[in-house]
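Read through the structures below before going on.
Here chain A shows up in two complexes: once beside chain B, once beside chain C.
Up next is the complex of A and B:
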């Protein structure tokens, strides 16, 4: 495969409500910021992949309404209705194939426009599960309970993990500043142990080795797998397909010992139970090892399908600033981790 | 005129679209048996012998047909639970693995305080008095 490098990234300041813009304007905002940061003009972009959800946007084929805002008019553009980390797989494949030299990935989420709990309910099977009133928060509650039971932990472990994420988020200028109380929402999860519903967007610009010159951040490996769909079809307290996804990413990137070789890890944790569960799934020790979710992870902001791509942007930012050489960015689709994607980013000279 | 200073205009809307969802061959059989005979069933994989409830026509791991019908329940165990506190009264949602099944059914627990629910709690299916071929033909599960 041809190597794929990252030219630059941008993300919005994530917020409770961005009533001042519609979602196309939000995408334009983040793409304009990316072009300004990299000094690129949009005519240098060969192809565009967007990530969005029709239900969240309240519009079918929602990518059609965001493509011109992403600068895709007259270009080949496609969409992934999954997290932005999965869009990155398609984007990287376009460059690795040699068919394109540059590719822009744009993901957005505007939770404030709809009703996130009703939309989540509509993601479940309409015959057996949806009539039970299940949504993302109650699914996360089932998972958190199963996780605590498997590990023999008390709910204090969830509070402690949430406190650590909140402390990290307080240092993150792009974090969604929210008022979350320590009240039960979906036992054993409290409101402040569940990631917020955010408005935000993220953009990542990829290019081939002839375009990305000198020392840069490269996409050195990825893993990607989906699990069974039904909530009762697997043990929700286990990390599911994530260990397999991590092994695949480590193998592709030549990472032997993730605790020692990774400098930074960012995960999409929709609850503080997932903060702990995904750490285990990535094969990392419970303490020590790489900087863990230094942005606050998804607990700092959860703008729909942009959430995982924001993890890529965070890891890129740290590597570009010299805070380490190798990092892992994780994204997920499905509220309790049905599908996982992991990317290994490495700062190094051109291959 | 500075566009950045404009007060936001919000247009209220709602998408209301009727659907007809086939329960499928396996789901349909489950719902008919529940409605007409008050019994619960699953389908067994011909290769790994796992029993799926809700029933599926294909094994989730072997990807071969599941055609052998197996009676399951009406008792089972709670494998995970949560309490939905969005609207009162709180509803206890649980994943219940019925006796004879290998996967768990999502439903509500009746007649139990949230503090009394535990992993492994034995429960029994409660049938609704009038049944119409719907998952709510089960009223839920009660602790034994």
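Up next is the complex of A and C:
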């Protein structure tokens, strides 16, 4: 693929409720911040890809409301109705095709405007599963139990992982949640072992090798895949299609030994079981290796389809500050990891 | 600069008002299997899948993930693109860019909708696209927005209702030759004028139906020996969010379509679209829109479209055939509708359109319409 680099990133301070803005204004806030940080103006941006969920926004064609906020009027825009990491695939392809030189990616999530559990229920089979009341949290509970059973672990492992995420989140100014109650939600998961529902947005500005000059952070490889739908058709205690996704990303970026070559990894972990399970899925050792979710991961904030894109922004931030050369950012869509996406970011001179 | 990309297969379901015989994944599978057969590919010949569907119509969240067994995306990279009416054309464009960017060799675009699931309340789903405070109370979905456009066109050129009615009369004649089409029975101008008013001046028979259906199209950078439709121009343009801000001075003129078409024509080296294009598959949501769109596409001058239809230039055997498939006026499974335009245009230049084939078609145009006056355009050619 033709090289695609990152010009800059921005994310909002994530919160439980942002009553002061609607979701388009939330997107406008993060786009304005990105332009301020990069010194860019809309007329330099060729095309726009947004990521949003019509169910979460309560609006069909939810991208319609975001397009003015993203400066898309008069341009070519499109919407990926998945996590922002998947939107990044389409954005990078538009640049790699040579059709566009710059592309703005904007993702948002505003959980406070809806009932996330009810919305999650609407993604399950309407006849066999919805009437049971299944939602994302109960599905996470099933996964966590299957994971503990397979690994022969006790629930203390989940608490320990959650404690580490909370400690990292405490150092993250954008985090929405730094601590939560240890109250059982979906056995074996407690409230503090499940990622919160957040309001927040993230924007990433991409450009081609003619535009991104000198040493910069480049998108060096990606992988994504979707698993089968039925929870009963997957072994929930296993990392599913994530190992395949990671292999693709490593192959494209020429990463041979992720433990040694990666300096930082940020994953979308919807539960503390996933914090452990995705680490395994990415082919990393249980200890040592790269800095692991230094932002606190999704356990610090989970703003819908922006969650994975925030991981990209976090990895970019560390690499741009010189805290490592190579990082991995992970996003997912669907429950207990039905669809995964992984990006390898590398700070290096122009290709 | 871009890697050449070709369409080598297309498949569609039988589009009907209700496909109660199949579930959504089964409906999708029908189109996917047909596209694989047409492309002479096995499922493992597809490297990635781009899917599209509008969640509010069926009430299924993450419908892409639910339908993955039907799309062939299980265990593969699958990307969901959902942009309203333009969903199908957006899928075609996303699949194109994924191949043109060298990300994948062969990508299948799959769009579907089961509008029967919204039990006749498709407009209720569409209404949610608009601002809940400023626009929803007055703007009742797609019909009223198009009615504003039609009123402006009528006021500008003095076009009569019977002239617009000819568009659907001709569309139904074409659909009669298309076994996939939803509405295939002929209608007369008198019947159109006698049908109930939905929103002045749009009558029931002026408006597209709501359908159940799916469509799949295979894009590749390695077309092999079979007949291919080469993608020669790809463009899209978007407008402002609020209807009152849309276009330059008037809602009635589809500014975005003109800009997107000019860009795509430039890429494809088309100087005179009416002379050079052999066939147009246009996303016309109502009869009146066809006039606007034809003018924005440069098929005729401003205010000349009604005469072009009346003279028969847009017939399948006319000078510039428009929608030999019957178009959106005869078939409209929303998430698939724009992709069906691309599929039909590709079939025309590949010479596989059967009874609806335009003789000797070498250069075709497919358009998509949706959102707040969004336009998407693709030019396909028999030659690379």
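Here, the second predicted complex is superposed on the first by the 348 of 351 C-alpha atoms of A that agree within 3 Å, B and C clash if a C-alpha of one lies under 4 Å from a C-alpha of the other, contacts with A are read in each partner's own complex, and residues count from 1 in each chain.
Just so it is clear, contacts are C-beta pairs under 8 Å (C-beta built on N, C-alpha and C of every residue); 3 or more make two chains touch, one makes a residue touch a chain.
If you're wondering where the values come from, they're calculated on a predicted model, not measured in any experiment.
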Chain A residues touched by each partner, larger count belonging to chain B or chain C: C
First, second, both or neither for A:58, with chain B first and chain C second: both
Partner chain in contact with A:290 - chain B first, chain C second, else both or neither: neither
Which superposed partner A:93 touches (first chain B, second chain C, both, neither): second
Touched partner set for A:228, first chain B, second chain C, both or neither: both
Touched partner set for A:185, first chain B, second chain C, both or neither: first
Touched partner set for A:327, first chain B, second chain C, both or neither: neither
Partner chain(s) touched by A:19 [first = chain B, second = chain C, both, neither]: first
First, second, both or neither for A:74, with chain B first and chain C second: second
Which superposed partner A:133 touches (first chain B, second chain C, both, neither): first
Footprint overlap on chain A, where chain B in one structure and chain C in the other make contact: 58, 125-126, 228
Of chain A, residues touching chain B in the complex: 19-20, 58, 117, 125-129, 131-134, 137-138, 141-146, 149, 184-189, 228, 230-233, 235-237
Touch list for chain B against partner chain A, complex: 4, 6, 8, 10, 13, 15, 19, 21, 23-24, 27, 31, 52-54, 60-61, 79-86, 91, 93, 95, 97, 103-108, 114, 119, 134-136
Chain C - residues contacting chain A, complex: 1-3, 54-57, 59-62, 64-69, 73-84, 90, 93-94, 96-98, 100-103, 125-126, 128-132, 234-242, 259-260, 370-372
Touching residues (chain side chain A, partner chain C) in the complex: 1-2, 24, 53-55, 58-61, 63-65, 67-68, 72-82, 86, 89-90, 92-99, 119-120, 122-123, 125-126, 223-229, 241, 244, 333-334, 338-339
